[in-house]
Amino acid sequence: MIDFSSAAISFDLISPEIALLVAAFVILLIGHLRSLARVVAPVALIGLMTALGLASAQWDRPASGFSGMVTCDNFSVAFKMIFIVASMLTVGIAHRFFKVKGIARPEFYALLLISTMGMMVMASSADLVVLFLGLEIMSVPLYVMAAFARRSLESNEAGIKYFILGAFASAFLLMGIAFLFGASGTTDLRRIGANMHFAVSRFPLYTYVGAALTLIGFAFKIAAVPFHNWVPDVYQGAPTPVTAYFSVAPKAAGFAALLRLATIGLVDVPAIPVVFWVLAVLTMSVGNILALRQDNVKRMLAYSSIAHAGYVLVALAAGGDDAVAAAVLYLVAYTLFNLGAFAVVTLLETRSGRRSDMSELAGLSRSRPYLAAVLALFMFSLAGFPPTVGFLGKFYIFSAAVKGGFIGLAVIGVMNSFLSVYYYLRVVKASYLDRTDQPFARVSYSPGMVLVLLITAAGTLGLGILPQRLLELSQAAVQAFL
Amino acid sequence: MERDILTLVIFFPMIGAGLLLLVPNARHDSLKSLSLIMAFITMLLSFWLYAMFDPLAQGMQFEVNLPWVQSLGIQYHLGVDGISLLLILLTTVLTVLCILSSWNSITTGVKGYFMSMLILESGMIGVFCALDLFLFYVFWELMLVPMYFIIGVWGGPRRVYAAIKFVLFTMCGSLLMLVAIIYLLFAYHSYSGVYSFDMLKIMDMPIPYRAQLWLFGAFALAFAIKVPIFPLHTWLPDAHVEAPTAGSVILAGVLLKMGAYGFIRICLPMFPQATLAYLPYISILALIAIIYGALVAMVQKDVKSLVAFSSVSHMGFVMLGMFALNVEGMEGSVLQMINHGISTGALFLVVGMIYERRHTRLISEFGGVAKVMPTYAAFFMIVTLSSIGLPFTNGFVGEFLVLLGTFKANRVYAVIGASGVILAACYMLWMYQRVFFGRVTADENKNLRDIDWRERIILIPLVALVFWIGIYPKPFLERIEPSVRQVLSHVNRQAADASEKSDHLSQAPDSDGCENSLRSCDVKGALR
Amino acid sequence: MTLDTAVFFVSAIVAVFGATMMIVQRNPVASVLYLIVSLVAQAVLYIQLGTVFMAAVLVIVYAGAILVLFLFVIMLLNLRGQEDLSDNSQPLSRLTKYFVSGLLFVELWFAVKSGLIGDVGGRGVTGEFPDTFGSVEQIAVVLFTKYLYPFELTSVLILAAIVGAVVIARRERDDLPISASEVADRSIADEVKG
Amino acid sequence: MVPITLYLTVGAVLFGIGVVGVLICRNMIVMFMSIELMLNAANLVLIAFARALRVPDGQAFVFLVLTVAAAEAAVGLAMVITLYRNRETVNIDRFNFMKW
Amino acid sequence: MTEHSQYLFLVPLLPLAGFVINGLLLGRLPRPVISLVGCASVGLSFFISVLLFFDLRALPPAARIIEQVLFSWIPAGSLHVDIGYLLDPLSAVMILVVSGVGFLIHVYSVGYMRHDASYGRYFAYLNLFTFAMLTLVLADSFVLMFVGWEGVGLCSYLLIGFWFERKSASDAGKKAFIVNRIGDFGFLIGMFIIFWEVGSLHFGTVMHAAPSVFAAGGALITTACILLFVGAVGKSAQIPLFVWLPDAMEGPTPVSALIHAATMVTAGVYMIARASALFMLAPDALMVVAIVGAVTAFFAATIGLAQNDIKRVLAYSTISQLGYMFLACGVAAFSAGIFHLMTHAYFKALLFLGAGAVIHALSGQQDMRRMGGLRKYLPVTYWTFLIATLAIAGIPGFSGFFSKDDILWKAFSSNAGGTLLWMLGFATAGLTAFYMFRLFYLTFHGRERMDDHARSHLHEAPGSMSIPLVALAVLSVIGGWVGLPHVLGFTNHFEHWLAPVFAQGGHAVESHAPAAAAANAGMEMLMMVAAIGFVLFSVWLASLIYNRKPELATSARERLYGLHRVLLNKYYVDEIYAAIIVRPVVYLSLFLWRIVDVIFIDGLINGLARLYGDVSEALRGLQSGQVRGYATVFVAGVVALVAYVMLR
């Protein structure tokens, strides 16, 4: 009676998601067997690696399935890889930290995997329903992860703040989707985009309100000003590895959605470029200005992550293939160096009684020269110094802006990146320039952490010096846009 | 080998920095020796470069042009002409001396310090070799980081403030330069259909007048901060005073040159019309810098900040000569860059020597030092004289050519500029008098030991250069001249093209008829 | 005024009234009950719109399950409104809150009244059911064909929520209550900092 | 003969009340309920649109949204329980350790 | 080219070698070796100079030019400057004077500086000076001349401040250098004008091309010449840049003799003579030269009347005599100027060395009020000093008479000259005789006013000091005999010798000079007699006041109290300069530093930074930590964004 064949089920398209889900199940199943507790993290990594492999197999094989609910193109593959890599690095960062802090639970990895899966769902869909669900699958575990240190008041607070505001924003997103649906009769972005002209002429206000609210829903996730104020509190309160993950993966997912929305969904909505322009300027400026006087490294990095979202918004404002490629590249780069920076912060915070205040960094360069050097590398990359990949990313973004004729925006961007130099250098200053008489507490490296640091540092520097391949990939990611 | 020599010179110090990583932290002597050896070999390589350089050839030599990031049109394009050749030599020589001078004064963080020095050297040489704007920018920023550390970690009491100020000032300008570079990329693309950052190609691209004004402004801001031109100079005294001796030497000796080099390599040939339009303003700012720097230097209480302000004044000469836009002025300007590197570098070195002994640089703390340290006083005197441009020292040749060239371009400028020569004598000699002459009043000064052999070895090469350039500058000048002519021909040809096409020039704000005719005469003269 | 209209207005007013009462109640239990009132009224609207099945789902799932969960938690925590949790913000800030909410409503209202009137609005929506709109079959077909993937995704979402809820709310043996002094310390430290 | 616009208006009003609820309530649980109310308002709008456009998609979406609401409620309430355990309050204003 | 012309470069280079040896081995050598190196280098240089002089003489007058180019110095664009030496009659005279007098003073220094701790340094400086001075006079281009020009300035700085532990000495050295730099500034700009008009700075080229390039009397050439003259004014201590020379007496006395009397200060005169071809094209500039020279001569002489320091009197006398030389140049009597330069070198060096001997004998006492009656203690000094005094006063037969008379007559008779100039010169001649004999009497005659300690140590100078005194005394007498006046029936060999140098430009003016001279022979004789009479009267007056009736001096001082104070304080010129130049510059500098740099520019920048910080703080206030606040901001953002999108 009911014909299922029209669902066009093709597991190939969602194989990475399935891999993650399977891994999550396995973890949930074995997690509480004491003898197998040690393999939880490896299982997560195996799952992620499998997913990575499956995702890379999807490269250059654009396809669509599940009645158009799943869109698998290079763009989505690129983002999937970002999410997977971010998760893998997060596992490396988190492992020791959670143990030391006494909050190690196997569910953490399951939630991480599910959240990652949600992001992948977001990235590989051009349907608002799936985007919404993906967003929720991503967010619900994130709320939990933020509050994961149940005994920590800060973590509690971070969780509840994130949850309330996240759900609040979801409601707006849903309202936006409803209006878009009302205007165009569909939730498929491609069809919305195709019918946009018609929709605008028939129901202009539905379209506009829908577009604006949908955009806001995702702008919340990427922490665009003025939808950003949850970021510092949540980032500061959440366990640091979680913060690391927050600062990178959900942001990238939000951008994946926004990029799709902007490039294929909300085309021809007249106000959208200006909105992006204003959001970009506000986000960069407010993020940077607020970061200037922060004395807590995590909180500073939180504001800095707002500012970085602003740079990517510059690409969105500029529009065009190059801009999207630039955004992809920037997010890859940002994933590397921001996770790296948080890895160092985590490492330092693993020592007891530390709260990641700037002052705790004093003497780092003397007692831990390599760690200090790596931290400095990440800071310089965040600030956009060549030859790090941070510079390359900014360069590409701003050149996309200039190419699009947004020279003013590029100038505002570079002036902001000038401001950011100040506070990133404060970290470098704290670790190199400030002298202290107190001995520096021991830092204990875990193998995972070392690996994370090596990968992120090598990536930050290596991709900055030899970026050709990365550039090609990011350009290819835009080529076969479905 | 000959093909790769530039790459070798650039990256050899960086390899050295890598090697330093392998040496244990505690083995200070090995660290020092290794970095000295690496810097020394780099210096020898640069000498070899000098030896192979063909002074008669036009254009770039030892060019390397490899693709780097193809999708953005970025190339690994290196090459030197006479101007950059000399600046490279200056860099390598000063670095060796700096490493020597840091031998005893750096006691903490030795490894980091010498690594910073070597990376800094790489960055500086890279700036002088790069012929690709992107590459140029990368090196330009690259040298910021080690300098930040050198000032910030091993500097004086206000080192943090100075280091941040230094970085922020430089970044402020260079980021706008980045936008301009990006703009040029696309402008060149729409002109030729190819993405390229190649300076040599972009030089041949006609750019609309209005765009030139903006682009020149963006580049000039970055360079002007570095030079520094008058109102943008306030980072310099702080950075100089707080930096350790070697930092000051490199800062004054090479980093300031990068600004002037940027003008001559990028601003002038790429934006000739804008050059003419900005010319009066930059010249006037340069003049203000000359007088202002000298006057402010006069009343400084700290020897280093005195020398720092004197740098402002001297770099004013460099800019003045460059914007004379004739062979004499520009040649003088380039030579003056070298001279300033030698003289001011030497000044900082000698100041550092006494600082090591007394741990103060306040002029009032000294007096009668000539009695206690006669050899030191003699070296200091020579360096002082070179700084005030006494004939047969290097300073004279440069200043003379600068003023001579300026005089041709604009007599009033030259007259005002020449008065800076008087003021230079005032502040330098007054300082010298207060430090060296008179009776030894402070007890701490009674038992100062005279400079030892290491310190002499540091100073002797510089003093030798002071006299070499002062007495026989021909080898330098003959290498500078073709390059300078090349730059001028770019400026003049394009400006001439433009004046045929449009009447911008005749409406240009400096359109004093007499001056214009003077300049156009010079155009022909230079081409002949 | 037809019956339809009367039913609509009554349900609409009840829905809005219930919602309003929900947010002004001091006692959370009352809030929950008012929300249930509002939901039921909304379910009536659903029926008017022809989606009987969705109306049923709304009542069963929302009122029957989710809000019961709320009640359960309120009971568990023994919250009876002993704490005064009504709005205590500064007048200006309160004004701002109402103002921005009002503006938002005005915007939505403008958008709402701009469209559809000339299209389908004139005909009204109640009364006739020319097609199978709102039938269980229709929803089922859509849900298991076109919306199969999202539908399956909800299972993942539910899984995540369950795992998350368990992780957060479960009390473990080594969990000790956080002492009041620790809380006080932070508050004091916070005030000092502020 | 009730125009669709009126349904939409009811949706907008409920959404607005939900927003006000989030803005003015200090009780976390009531805030959650306000958010649920907003989701419901959106649902009503979706249904109304679906009816107007005569497409079943809106209903399916509402169906999915209900599960989302349930999931959020579960996590949110779990969080409230933990918070209450740690702080013995559900006053959201007390949760302001982290600021500036 | 001549037999020895290839050794020309050795003339300046030998002293340089001496400097290098003494300088590098600073104080390591034993004193005799230092003396030997110091003196022998200059002596050899003198010897070669003499050889070259005779070589030159052997050539026909028109061909008396020896050029030697060592290497190309500054080749840049259109500028080509060589390190090249030019020997012509003019520079030949100069090198003889410089190396000759220099040699004598080196020898003298051996004795004078015997007890000084920095003996080696002293000789190194002195040799360096000789090198620079010889470079100056032998230079074949303006630029190389400028090298010597600044070089001598440097040495002067070093030697004035030789006893650097005395603040007054180092102050004086610095002052000398800076004031000289002000002059050099003019020189530099003058050079630029010449270069950009002529296209070269080589003397030969410039002098040859000048008439065709410059319009005679044109503004450009006049400006150029006046600027060159500014250089000369600085170096030769003329109004208004004379202030450094009296202070320069802080240096060791032989230095004063060599640098501040015989050689360096005359460089300005030499430069104008060298550039005579240019100056001939600029009559207005010549006029300025003449007026400045004459006024300076008179003005300095008046100051000399009231000074009590023996060296300061001599210093003002030097300024005054230099004024004479400029007067000569200004009236286009270049050879007369050079002639006076030469004779002045002899007698003024002698005077200084004599004064040095006196000071040496009195263990450093320089105040004439603490001298007197030294005649019997220092016979050699006394007699040689007397000869020099007679020479400078212009007593017939002594060298000074001939040169000064020549100048006075040219000032009167030349087209460029005039009665007023002559009158100033004439008055100065009288004043010179007066203050020189005042000095002479106060020092060697009258009551012995020194304290007992000084008296007990009185001694005649050692041989190394007295031999140069005698040699110079001889020169002071016979030095003038090379340029005996036509009017007395002699041939002015000196003028003839220099004629080829000045002929190029100078001839136009001077060509009718012989005829005019013949016509005015009577007049010339008359004026000569008048001058002699005036001088003799002054000498008489001086002996009356300062020797026979000392009380007259006191009463005159009291009667002319105001005038005396003004003269004693040198017309308050130093104070005026301090008030209108030095102090304002210092205050301006402080203002620029403290206000403009620190408060304004840095304040602006730091203020901007602070502004950003404050904005940051202010915005942080919005980040209240309250979820409801966040939600409010969120909704506000939504409202704004939706409103924009809808209304757009």
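Note that the chains are named A, B, C, D and E in the order they appear, and that numbering of residues resets to 1 at the start of each chain.
The rule is simple: a residue touches a chain if its C-beta (ideal position, glycine included) is under 8 Å from a C-beta of that chain, and two chains touch if they have at least 3 such contacts.
Note that the coordinates shown come from a computational prediction; the quantities given were computed from them, not determined experimentally.
The chains in contact with chain A and with chain E alike are B, C, D.
With steps allowed only between chains in touch, the distance from chain C over to chain E comes to 1. Interface comparison, C-D versus D-E: the higher number of contacting C-beta pairs is recorded for C-D.
Centroid to centroid, with C-alpha atoms defining each point, chain A and chain D lie 26 Å apart.
Distance between chain centres (mean CA atoms), chain B to chain D: 65 Å. One finds 69 Å separating the Cα centroids of chain B and chain C. A straight line joining the Cα centres of chain B and chain E is 37 Å long. Multi-chain contact residues, meaning those touching two or more other chains, do not occur anywhere in chain B.
Residue positions of chain C touching 2 or more other chains: 89, 97, 100-101, 104, 107-108, 110-111, 115-116, 141, 146-147, 150, 154, 157, 160-161, 164-166, 168, 178, 183, 186. Among the residues of chain A, those touching two or more other chains are numbered 129, 133, 136, 140, 143-144, 147, 150-151, 153, 159-161, 164, 168, 172, 175, 179, 182, 205, 208-209, 232-233, 422.
Touching chain pairs in this entry, ordered by label, are A-B, A-C, A-D, A-E, B-E, C-D, C-E, D-E. On the chain C side of its complex with chain E, the touching residues are 89, 93, 96-97, 100-101, 103-104, 107, 110-111. Of all residues in chain D, those touching chain C in their complex are 1-21, 23-27, 29-30, 32-34, 36-37, 40, 43-44, 47-48, 50-52, 54, 56-57, 59-64, 66-75, 77-82, 84-87, 89-91, 93, 96-97, 99.
Residues of chain D that touch chain E in their complex: 19, 22-26, 92-93, 95-100.
Touching chain B in their complex are the following residues of chain A: 365-366, 369, 380, 385-387, 391, 395-396, 398-399, 402-403, 407, 410-411, 414-415, 417-418, 421-422, 425, 428-429, 432-434, 467-468, 471-472, 475.
The part of chain C that touches chain D in the complex is made up of residues 2, 4-5, 8, 12, 15-16, 19-20, 22-23, 25, 28, 31-32, 35, 38-39, 42, 45-46, 48-51, 53-54, 57-58, 61-62, 65-67, 69-70, 73-74, 76-77, 79, 83, 85-89, 94, 97-98, 100-102, 104-105, 108-109, 112-113, 115-117, 119-127, 131, 133-134, 138-139, 141-143, 146-147, 150-151, 154, 157-158, 160-162, 164-166, 168-169, 171, 177-178, 183, 186, 190, 194.
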